[in-house]
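In the two assemblies presented below, chain A is common to both, partnered first by chain B and then by chain C.
Our next item is the complex of A and B:
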């Protein structure tokens, strides 16, 4: 296993820019997730790191060594694709063993290693079957087994769970960290599913429109989003992004929400202390950080319940103040009704502000 | 108006039948009826030229044919032609398909050019090749002389190879199209996966490529075998079956028996033997294909 580095990688397909000057380091032995919506360039970046695609400019390094001009097999990577890549004429055991042929010819070692990954992925009972005899979910397990049985420099996973149904996806997702700790390799995992990335990765790199927006641990990315897109893309239910105006009144900074105002914390005060004029910002607050009350609490924002969405053990309540709509997440089942007048209390320590022009986070 | 008519159950049922009647009638009058008529005729001694009334001879035509060494030699000639032509077409088509599977500039144009022989009328192909093989000014002769230093008279020295090459020239693109379709159907990730799994090219072919192209290869071989078996026009125009009977395949024998010697009954019997062989071959192939 090695570290993987992309230095100033750009990629053009004809005239469209798929990757724009991306630099990235994946630490040796870490579990790195490339996350982004479709068309963000994450797959292109992964394919360039794998050697399946050549960058238009920039270099790729494995453990400090320039591998830009090497083929995937010369880079010694193992990979799991979106669809199972099982050779239909061989049985499952032979499929996994075939991947080992270049590493060892000792039948005992092959047998031992195949059995080891088979038990890790719980596919022992299928080893003698052929691919058409087992279902898609298990085939994808076999594909993973086929990849991790090898001693590869890097293990790459290209949305391996995206074609599985929800149940299978959840089970396999929960096993991924165990797989990583057993294999102890550098894992590069591509997904568009933020829950998946948050659940399994040590570090996440978020891409959008060919640009790498932020790299960080799941916690950092969640609590310290670098810009509006990252804040929007991570977290469920989605963060509230409210167009707002801040102004300084008697040494407190207030932000408008619809027709009302909420106070901001000291960080905001430091930033806006000197500005006399009201300033436009995008206010970001996660639905979990808003609580509701029927009493007119201090600094609470009056609002009307416009929609209640039940999640079983929790509710997402949509609120309206003037023309502004925002959502709040309530644990358990509340007895709020639609059209009811309530008061929303914003956790002022959990409020972000984004610059409406650059989308960068102001605080 | 139509809506009302269609709703009435009789029209609803009769309409489709009404639609297929012309096609069915055509098939019955032009294919099935002549076939049965010919089957009947094969049990008679009959000469279409003289127009005498047919004389029933039972299985005499068949036993005469099957006991004649002549006919067996024609079978062998036909078999050789089919074997050489189909195998060579497979090899050439296979190579061409792999060539065109790699993306290069002008690929589409090149495919179009390579497949044009398929569009040329067989009679024209036969006549072209008469000139191509011509001993004094033929293109083929010229190039063979350039390479080997020998002036070869293909049509008299290697007549079988001459007809085989002609068939290969015309039909290899057909093989190529089938195999190329198979290659294009291989999922991209399987090819990439075999590269990442570091398979040798032979294993890559065995485990990734062959399983995908196998059914198409079987189908192409089936089509080509059946078609090569009944080749008539190209060979007839190129060599007329000659020199002597060296390239006289069965279809030419049937033609000659029927329209040069006017032994009509015998010719129909031979045609039926021919038909049975083709049906057997087809079944054999289909069974092989189904077993996969």
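Our next item is the complex of A and C:
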């Protein structure tokens, strides 16, 4: 296993800029996720790191060595794709063993290593079957087994769970940390699903429009998003991003939400260091940091319930004040009704502010 | 608005029995989710309702009248799939207007309808766009939906309409369908393999497996009163932990012997339970990490902790049994770490080990 590094990598497809000056280090033996929406450049970046694509500019290093001009096999990459690639004429055991042909010809070692990964991926009972006899979810386990049975410099996973049913996806997702701990390799994992990235990775790199916006642990990118897009993209339900005007009244900062105002904590004084004039911000608050009451509590914002979305044991309640719509997350099942007038209490310690021009987080 | 009744529907494709006597009734103007794994029969059922497939046996009634002999174009049902195509050479407006022009409707009437539907779907600002290929996934989805809606169908069938969207967009679109249904006031059937989507969208859920309706109920009953083990293990995120063992009758409670460890279950009133082999569903929230006191204290090893922001899912191994629990916030537990857990045994659900049916 080795570290993987991209230095100032850009990529153009004709006139489209797919990657814009991306620099990134994946530590030796770590589990790194490239996360972003469709078209963000995450797949292009992965393909460049794997050697399936050459960058228009910039270099790629494995363990400090420049590998930009090397092929995937010269880089010793093991890959898992969205769709399983299994030879239909061979049984599952033979498919996995085939992946070892360049590493060893010792039948005992082959058997031992195949059985080891088969046990890790819980596919022992399928080893004698052929691909048409097993379902898609098991086949994807086989693809993973084929990759991790090898001793590769880097293991790359390209949205391996995205074609699985929700339930299979959640099951396999929870097994990835164990797989990584047992394999002890450098894992590079590409996904558009932020929950998946949060669930499995040590570190996440978030891309949008070809730019790498932030790299950090799941905790860091969730609680300290660098900018508006990261805040929006991470977390479920999605953070509220409210256009707001803040003003300083005596020594307290108030932020407008719809037609009302809420007070902010002292961090917000930062907004008025240079001028005491009211200014515009994007106010960010996660839905579970807002609570609802039927009583007009101190500093609560009046609002009307506009939609209730049930998540089984919890609810997402959409609220409206003036033309501003925001959502709050309620654990358990409340008896709030649509069109009801309620009071929303914002946890002021959990409020972010983003600059509406640069999208960067101010606090 | 139309009431849709499906009566004992059978359909096979060669050797594959897709529907096995499926029954379901959707009241006029309701929104119902067909929830089930891939291959459960959801799409076949929709195709039969739309008239694209003819069932082998059984009946389908719209407002009490059989439509089996009515061709699809006369049933006035719109079916919307997970893969959809817009005409790339037509503007957004022309794409939506297309079905109406086919009917030779007057242009000024078409304009009224297209604008009204576009407004409901919040795509009015996109009508002038010349190249639909430049729209985002969510926008294309809504344009395709608008094209299905301008025909004013009696019944709207949505077959995994957002399965192909990015996870983030999917979450946003969920609530949109609920809003849409309210504004359209139309009978709507929505198929999905994703239980959260079904919960978010529908007032009633038909849980389908192997060509049959396993349970047809409100979301909350599906969650709290599952009819059998299949239901209990299909809904919820994470789903309930299933422990297998033999029941011994205690004085005021039951003992579950899993062979590896014993659990006390606070449940009474079950007959013929002593010595019976059962499966018990333990909800993830009833598995408590590092409990101060309580019953069923055990030692476990951490298999994984999935930090999802608002909560963390921790997978544990007790002897050889895997269990999941949910804790609030972001918590770091390392793979292999040993922890103490407690299992709350209040009002557990018991299933017969052989049949999977709920006991009591």
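The criterion applied here is as follows: the second predicted complex is superposed on the first by the 359 of 363 C-alpha atoms of A that agree within 3 Å, B and C clash if a C-alpha of one lies under 4 Å from a C-alpha of the other, contacts with A are read in each partner's own complex, and residues count from 1 in each chain.
We take it that a contact is a pair of C-beta atoms (placed from the backbone, for glycine too) under 8 Å apart; a residue touches a chain by one contact, two chains touch by 3 or more.
These numbers come from a predicted model, not from an experiment.
Within the superposed three-chain model, A:88 lies in touch with chain B and out of touch with chain C [touch as defined at top].
Legend: residue contacts after superposition of the two complexes on their common chain; A:78 is shown touching chain B, with no touch to chain C. When the two structures are aligned on the shared chain, A:146 is found in touch with chain B, with no touch to chain C.
Within the superposed three-chain model, A:102 lies in touch with chain B and out of touch with chain C [touch as defined at top].
Of the two partner chains placed by the overlay, neither chain B nor chain C lies in contact with A:241. For chain A, the partner touching the most residues, choosing from chain B and chain C, is C.
In the superposition on chain A, A:50 makes contact with chain B only, while chain C stays out of contact range. By the touch criterion defined above, A:325 reaches neither chain B nor chain C. Legend: residue contacts after superposition of the two complexes on their common chain; A:219 is shown touching chain C, with no touch to chain B. Chain contact summary for the complex, chain A toward chain B: residues 50, 52, 71-73, 77-79, 81-83, 85, 87-90, 98-99, 101-102, 146.
On the side of chain A, the complex with chain C involves touching residues 37-38, 136, 165-167, 170, 173-178, 181, 192-196, 198-200, 218-219, 222-223, 233-238, 286, 288, 307, 309-313, 316, 318, 329, 333.
Across the complex, chain C meets chain A through its residues 37-38, 137, 166-169, 171-172, 174-175, 178-179, 193-196, 199-200, 219-220, 223, 234-239, 303-310, 313, 315, 324, 330, 332, 335-336. Against chain A, in their complex, chain B makes its touches with residues 187, 189-190, 192-199, 203, 206-208, 211.
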